[in-house]
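Below: one structure in C-alpha cells.
Letters A, B, C and D name the chains as they come in the text, with residue numbers starting at 1 for each one.
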Amino acid sequence: MGTQERLLTITRHIKTDVVKKENFRERSDYKYFLPIQTRWSDNDQYGHINNSIYYHYFDTVINQYLIKHCGLEPNNNDKPIGLVVSSSANFYAPASYPSVIDAGLCISKVGKSSVTYRVGLFVKDQSLACVVGGFTHVFVDSVNRRPVHSLPNTFIKALQPILAD
Amino acid sequence: MGTQERLLTITRHIKTDVVKKENFRERSDYKYFLPIQTRWSDNDQYGHINNSIYYHYFDTVINQYLIKHCGLEPNNNDKPIGLVVSSSANFYAPASYPSVIDAGLCISKVGKSSVTYRVGLFVKDQSLACVVGGFTHVFVDSVNRRPVHSLPNTFIKALQPILAD
Amino acid sequence: MGTQERLLTITRHIKTDVVKKENFRERSDYKYFLPIQTRWSDNDQYGHINNSIYYHYFDTVINQYLIKHCGLEPNNNDKPIGLVVSSSANFYAPASYPSVIDAGLCISKVGKSSVTYRVGLFVKDQSLACVVGGFTHVFVDSVNRRPVHSLPNTFIKALQPILAD
Amino acid sequence: MGTQERLLTITRHIKTDVVKKENFRERSDYKYFLPIQTRWSDNDQYGHINNSIYYHYFDTVINQYLIKHCGLEPNNNDKPIGLVVSSSANFYAPASYPSVIDAGLCISKVGKSSVTYRVGLFVKDQSLACVVGGFTHVFVDSVNRRPVHSLPNTFIKALQPILAD
C-alpha cells in the first residue's frame, strides 16, 4: 500500500464518528470559496500538509475577502486592521501537495469591533471538508492599536452575504 | 509613537481582563523550554509575528521533546507517529522579529493513544506568555495509520516529568 | 501615493536597464504554467512578497510537473528523488498578496543525473516576469542517496515538451 | 541504514570535489554568527530541510545584524530599507530538524546604494558549512522606493567589522 493510500485511511479509523452536520464539513455550510494551490513545502515529513499550514490558508481566504469586498487596506494607516485574538481547527482527514484546496468561508459572529470566521477546507472534488476551523479578528486603529468603537458600515454590509445560516 | 510601541499597547487595551492564572500565562505553568529564534519572514505586513507562525513554534517544541526524550523517530516505519487532530491558541500580546521566543511545554492529558500538549510562548525576559495554545496528537502506526492500542512505555515514562500540575 | 503604487515604482528605478530578452522575462520563454494563489503570510513587513517565498513557488511548479507528468513519486523508495544542489533568482519587480502568480517553467539543461530548470513568475495579466530564477536537481536513489546513473526514459521523454528553445 | 545516515551520505557522493577553500565553507570565512533553531515544518517530505528554507535563514541573520548593529528600522518611513534584487545558494550537505544552525555572515561587497552578503550555514558542532549563499540588497527610500544616493555613515561603519577578508 502506497503512502498516499495509507494517509487516506486515517479518516476512516480516527474520525468517522464525528462526521456530523454540526461539524460544518459540507460545502453548503460556506458562502465564499477561494482555490489555493498547495505547495511542495506544505507537506511535512509525513508526506501530508502540516497542521500549521492550514492556518495560513485561513488567513489567506479571510483577508482576501476583506480586501476584495470589505475595503480592508492593510497598509493604509487611516483604516482599521484586524488582529487575530484566538484561533482553532479540527483536522478530519489529510490532504497533500500536489492539489488545490477550496477554502470555504462564512461569518459565524459579528460583534461591536470583532468578527468571527469559520473556514472549511476541501480537497478539489471532495464533498467533505478535511479541516474545519477559524479565528476571531478584533479590528483596531492601525496606529494606536485600540479596538474600533464600531465596524465601518461598508464593512458590515459586505459581510452580510457570507453570514452563516 | 513608534510601531513597536504601538504594537505593545494592544495588550493593555484588548486583553488585560483575561490575564488570570487559569490562562496558563506564567513561566511556572510549563515544565520544559526551547528557545526559538524568530525569523524575518515570521513578521507579517503588520510588523508582528503572524498568528499562523505560532503553530509552527508549537510543532517545534513538541516534536523536539518527543524526538529528544521520548524516542519518536519520524522516519522510522516501525515506530508510531503523532498526527494532530485539533489545535487552538489565544493571542494575548504581539511579538516580533528580531527576538528569541522561549517555548514552554507541558502535557495536559495523556489518553490511550493520544497526548494533549499545552504550549506557552514567552518573549525573552518577559514573564507573561504572549500566546498560549496547544494541540492533541493521536499516535498511529506509521504504515497503516491506525491509532496504536497504547503508547509505548518509554514514551509514557518520558512524558511524566512534564505533566502539568 | 499608496503603498502598492510605491512598490511598483521600484521596477522603473532599479531595473529598467536589465529588461532584455536574454533575461527570460517573456511568457513565451516558458512552456508550462501553474497558477499559484499568493498567501497573506507571503507578504513581509514591507507589504510585498518576501524574496524567499519565490523559491517555494519554484519548488511548487517544478515538483508538480515532475509528479503529474514525469512519474516522480516522492514517497516511493523504489523511485529516484531530486535533491536541489544550487538555486538562484533575480528580482525585477515586487508582487504582493492578494494575487495569483502564474509560474512558468522550462528546462534549460538535462545532464546524466541532473536537470536544470528555469522559472519565470508572472503576476496575473502582466506580460513581464517579476522574478526569474531556477535550480538544479540531482536525481538520487531515495534510499542510499547516490546519484542515479541515468534518468529514467519516461522521465526524459516527459521533459522534452518543456525544453527551452 | 537509517534515514539520517542515508541523508548524510549525499555529501560524500555528490559534492566532495567542490569542498575547497574558495567555496567559503569554513567558519573562519564568517565574521558574525546567529544560532537559528530549526523547525518541524522546515523538513520537507524527504526528511531534511527544504532548500527554500535556507533563504529564510539568510534573511534572518542579515536583517538581524542590520537592525541590531546598523540602525535598520523596517517600520520607520524616514529610514531606508533594503530590497533583495538577487540571491543564490549552493547546497553541499543536508541538515534537518531537530537541530540548531549557526548562520555565519560576512559582507562581500558594499556599493553606492547596495550591499552584498555572504552567508554560511553550519550545523552545530560541524566545521564545514552545509549551505553557502547570499543576496544583494539595494537600499531604497521606504516611501518612494528609489535607491538612496549613498548608504548612511553609521550603516557603513557598522558593516566594517564584518567585511570579508
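To be clear about the criterion, a residue touches a chain if its C-beta (ideal position, glycine included) is under 8 Å from a C-beta of that chain, and two chains touch if they have at least 3 such contacts.
Chain labels with UniProt names: A, B, C, D = Thioesterase domain-containing protein.
All values reported here derive from a predicted model rather than from experimental measurement.
Put simply, the chain farthest from chain A by mean CA position is D.
Annotation: the chain C:chain D pair of sequence copies touches via predominantly the same residues, more than half of the used numbers being shared. In terms of C-beta pairs in contact, B-D outnumbers the other of B-D and B-C. Chain geometry summary: the mean Cα position of chain C and that of chain D are 21 Å apart.
Centre-to-centre, using mean CA coordinates, chain B is 27 Å away from chain D. Averaged C-alpha coordinates put the centre of chain B at 33 Å from the centre of chain C. Residue positions of chain D touching 2 or more other chains, listed in rising order: 40-41, 43, 45-47, 50, 52-53, 56, 59, 74-75. Viewed as a contact network, the protein chains are fully connected, with every chain touching every other.
Here chain B touches chain D in the complex through residues 2-4, 34-41, 43, 47, 56-57, 59-60, 62-64, 67-68, 74-76, 97-98, going by the rule given at the top. Within the complex formed with chain D, the chain C residues making contact are 1, 6-7, 9-10, 13-15, 45-46, 50-53, 55-56, 58-59, 74-75, 81, 83-91, 94, 135, 138, 140, 142-147.
Those residues of chain C that touch chain B in the shared complex are 40-41, 43-47, 50, 52-53.
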